[in-house]
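Common to both upcoming complexes is subunit A, partnered first by subunit B, then by subunit C.
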Partner chain A sequence: MTAVFVRESPVAPRVAPARALAPGERLRRWLLPTPAIGVVSVLLLAVLLVTGARFFDWAIVQAHWRGASSAACPGDGGACWSFVVARWKPWLVGNYPSDQLWRPLTCFAVFVLFWAWVVRRPHRASLLRVLQGFIAMPVAFFLILIGGGPLPVVVPTQWGGLLVTLVVTLATFATALPLGLCLALGRRSHWPVVRLLCGTFVEAMRAVPLLAVLFIAATLLPLFLPRDLAIGLFARAATAFALFNAAMAAEVFRGGLQAVGRGQIEAATTVGLGDFAALRLVVLPQALTAVVPAVVNIMIAVIKETTLLSVIGVSDLLGAIEIGAKSPDWVGEPNILTSGYVFLALAYLGVCYALSRYSRRLERAR
Partner chain B sequence: MRAESVEPVALDASSRSDANVPIVRMSAINKWYGSYHALRDIDLRVASGERIVVCGPSGSGKSTLVRTINLLEPFEHGQLHVCGIDVDADDITRTARIAINRRVAMVFQQFNLFPHMTVLQNLTVGPIFGSGVNRSEARQRALHYLERVGLTDYADRHPAQLSGGQQQRVAIARALCTRPRLVLFDEPTAALDPEMVNEVLQTMETLAGEGMTMIVVTHEMGFARRVADRVVFMDQGQIIETAPPDRFFDAPQSARLRTFLGQVLSH
Partner chain C sequence: MVRRRLSRTVLAERWPGWVVQALLLAVVGWLAYRGVVNFQANLRALGVSAGFGFLHTQAGFQIAQSLIPFGPASPYLDAVVAAALNTLLVIALAGVLGTLLALVVAFGRLSPPGIVRAACGAYVETFRNIPVLLQILFWYASAIALLPGVADSLQFGGALLNNRGLFLPLGGDRPHVEGFDVSGGIAILPELIALTLGLSIYNSAFLAEIFRAGILSVPRGQIEAATSVGLTGVRAALLVTLPQALRVALPAAGGQYQILAKSSALAAAVGYPDIMQIVGGTIASQTSQALEAMGLVVLLYAAINLGIAAIVAFFNRRLLRTEGR
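After this line comes the complex of A and B, so read on.
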């Protein structure tokens, strides 16, 4: 072999070779690359098939769909969807007055339209609009739902089901995220007292279970507040949610702020920006974009945490199902309550899975 | 490269008239990182219009020196005077830092362009939100300097779409957009691929030819020889030797400088 090499004719680019594998062979390689993995694959598939078939039998084949009381669901063999179908109103809105039903329905419709816009919006630059929407919606919904003026007042204790889940979730987003950002900024403050307070709050909240925070808010908080400032259970629960999740969000935002390099702040300084302008124009836009997926994770957690509200007596979707299964019409087979739980799980699965897919898309878009 | 584009820079009139008054005066400046004595008794005067090149082995404190001038690094002892602003080590305020940074610009080794903004926004954000220039004037200024660095076509791109050399030229244009009286360069070509070093050096030479006061930390000895009025050699946080380039390179006085020059010029 000679030490000198000079290419005389350049190599033109060629098309990559096509993968020529028979479909059967592809499936074999995918499923049973080695005998041991093949055995495991077959076993897992068998388990999946058996449980899937059992669930299908319970949920579809033997299920009861019609009827207005537990009499419609005799025996234990199949799901009792008639319980879910017949009590659609408590699931959706709780005890909201029937003649005012358009108000919660408007809220649901606005939310669905907003979400459709968020998912389909053409460019990431409108992220700020999305945030504004998430702040504005819960305020508007609360005003519409509680009424006043020309609208008859409906107190929050009459709200329930999915409506409570929606309002509490949105109210938590709208309060916890800005508060979390303030806490994260506070932990970076030059002022030691602010840094200490924010740090202590975040660490304390992160170390206490949410259920404990909720019970404290529900039972202990009224003892500390002045007697005439009797805020309702609903508001107390919403406050607890907001504070707890603000601590979670603060940690996420802190990570985002740390991800913005020191060089960026220095560059902002050297072009003459003051501290606040540097934060607003240079640091925050980059930090917030970086944490969008993590913030969506917090949102998913909040949606699922709302089921804890039923434990302190606010009738969210879970509460509505448990109350429904105790109502005289539906007392009977344990299957009825199970059907309600399965319905609840499917509803949450749908919402959270959609949200998590959306967050994946945002991650890829970066 | 861009000899035809040389035109009078709109320099601040005062920076030419009072050429005797130093634009930078560092008196007995000392700085520590923890217990490490990073700058030791630094005395340096830079007159308006002067081009200073600072060189020295890595860790000798040259970056720290220029970063002290615009107060990116605070110092523990000594007095600093920059563009008419006096700062004492015991009294480094935010106000002073902002005031100095409105008169002094900086070009970084890692460019530090704002990745979420277009090139044009990178150039206008300082004038608009820092010095209160109105938007249309800031835009005109930005386009003017973008033309000067030969990147007019890139105004609406994002920094990530540009090569390293182009990014650094944008960073130079961004520095000029604030109409500085002094530009600091902190190893502006050290992070560049070799084939992009020249475009940046030529942009800087054009700028030097127009009378801009510059303090440049660099290992580019050819640039120092061609452009500098004075070359400063630093080692272990001290200024070892300061001389015009011909004397600096051809008749170095100190042993340490001779060793250093032997190392950087031999290859």
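After this line comes the complex of A and C, so read on.
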């Protein structure tokens, strides 16, 4: 008989093994993984430190924070944040009448609250609700901002700055996304006329720069309208913007629709669903959830493209900065304009980076 | 789909589609007709002629940078050609510079975790998320602000650098200051420098991600197999990784080059004499023939886009022939 040994008490737990890397080793690996990369790293670090120090000096140490005119920022040693701070109203709302400021501020607040609700993804923030919100918001904002009836009318030529950027961006989402979906469905239609019209429109818009489309809307479109029908520049520019982005969205949706396998449509037909019902109940839900990250990328592109409006004369954030730098109060040192650009760059960087992180989160969660 | 003869049953079930399509064509046709009628009426009221005859009349303006001989007495057609060449020049410069930057940054992002990888990641995120127009205007403002005036031009070699541009000697023709201007030599406008820098840096951020995705799509086994036959380092990267990475990256990169070509239209925002600025801006306002001018703009940009697509398709076909699958 073989001997069997049974312990009567538990084994004492052993100490965890020592870390494989010595404390300095981890830093060395990060700094100098290989000799070649190490050399580049050290050089890069030196360049970054020098540039960073100079930027810090320009932006913080020698910067001017107070003041209401270019006299506050003499010379070109430091950033002119007084320019940014003193003109907060034109940045936010342009020439909107000061006594009616509660209207644009309400719009901003509603937008921020809606976005906070969407990002936290509570149980009720289904895709449909989000889409409905994105369509209802610009309509409501337009009504509040333009006025008429009990509210005094404020024409869009008086709007400017962040207000214009926000309104055009939301209006583009609300029109370009549904229209893009229709165009994408039209390109897959059985009817040759519909396929031809949708395909021609999308390919034409994709071959031409957005700036050219805006130029056409600004200079050429009035010639095609009857003499007595004059549509303002803002409306024309916003329409052209929306049509262009509808073509871009159409391509994204086309990819999503193609990603839904033929078997889905065949199975839907098998259980007796007609064309439209199959589309609504089977194809679209799958297609739309597949393209949500790409649609968020379109949103990011739209936000960046709104800067082009300043080139044709619709004053958005970039336009407000340029107008401000040329105004009698602030004309002078080139530093002032550069400070405005840096502020704007940081703002766009913040917003677009946050949106791109959100898009990546959506992609991972799918 | 099986083609069926036009029997009564086919007619019975398909006539609604044909009616709708006929109605659609009628609506589009009516809108086009009303548009043309309005257009002709508006042109008559403005006293503007139509047609492309203006192309042979004298331009009457000067172009700051022209690769062909051009003066105020040259016809508008020459102005269109000069503008198109300027556009192609900036697209080529920005494309080459952007691709080089993108390759460097892509390899940087693929290096082991460290400063290089973090810095390249920050580069991509920063320059992707700032609007391209803002970047171009920033470079333009810096170039104008930091460079000295004509009187205090920087001199090195035979070249002159001031806020009117970079003037390089051409053969025996050395640039020299004459009054308030510089004559002689070749002028590189600050607008061109700003446009090239802005476009190349912006697109390099996107291209870096495209190249990185291409390189990551090559299975690790390929590099391991290469090492097992003695191919390592740069040779393995060139002979094994790059062709397979290009197969994935080339279509996407082609799309990005098309975006680059269309973004070059932003030259109108800094005053660089390209198609948008000269044909869509100067010619359209001087001749008041906005339709012909914008039509030319649309045709030229569509042609450039098609050209880029054709070049990319050619290289794609060659790549697929050797790489198979």
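We adopt the following convention: the second predicted complex is superposed on the first by the 341 of 366 C-alpha atoms of A that agree within 3 Å, B and C clash if a C-alpha of one lies under 4 Å from a C-alpha of the other, contacts with A are read in each partner's own complex, and residues count from 1 in each chain.
Just so it is clear, a contact is a pair of C-beta atoms (placed from the backbone, for glycine too) under 8 Å apart; a residue touches a chain by one contact, two chains touch by 3 or more.
All values reported here derive from a predicted model rather than from experimental measurement.
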{"item": "Partner touching more residues of subunit A, whether subunit B or subunit C", "value": "C"}
{"item": "Partner chain(s) touched by A:328 [first = subunit B, second = subunit C, both, neither]", "value": "neither"}
{"item": "Subunit B versus subunit C as contact partner of A:225, first or second or both or neither", "value": "second"}
{"item": "Partner chain in contact with A:353 - subunit B first, subunit C second, else both or neither", "value": "second"}
{"item": "Partner chain in contact with A:13 - subunit B first, subunit C second, else both or neither", "value": "neither"}
{"item": "Which superposed partner A:271 touches (first subunit B, second subunit C, both, neither)", "value": "first"}
{"item": "Contacts of A:24 with subunit B and subunit C, given as first, second, both or neither", "value": "neither"}
{"item": "First, second, both or neither for A:304, with subunit B first and subunit C second", "value": "second"}
{"item": "Subunit B/subunit C common contact set on subunit A", "value": "none"}
{"item": "Contacting residues of subunit A [partner subunit B, same complex]", "value": "261, 263-264, 266-275, 277, 281-282, 285-286, 289"}
{"item": "For the subunit A and subunit C complex, residues of the former touching the latter", "value": "29-34, 37, 40-41, 44-45, 48, 76, 190-194, 197, 207-212, 215-216, 219-220, 222-227, 300, 304-305, 307-308, 310-311, 318, 334-335, 337-338, 341-342, 344-345, 348-349, 352-353, 356"}
{"item": "Residue ranges of subunit B in contact with subunit A within the complex", "value": "70, 72, 94, 97-98, 101-102, 104-106, 108, 110, 112-116, 125-127, 129-131, 174-175, 177-178"}
{"item": "List of subunit C residues in touch with subunit A within their complex", "value": "17, 20-21, 24-25, 28, 34-35, 38-39, 41-43, 45, 111-116, 119, 125-126, 128-135, 137-138, 141-142, 144-145, 262-266, 268-269, 276, 280, 284, 290-291, 294, 297-298, 301-302, 305-306"}
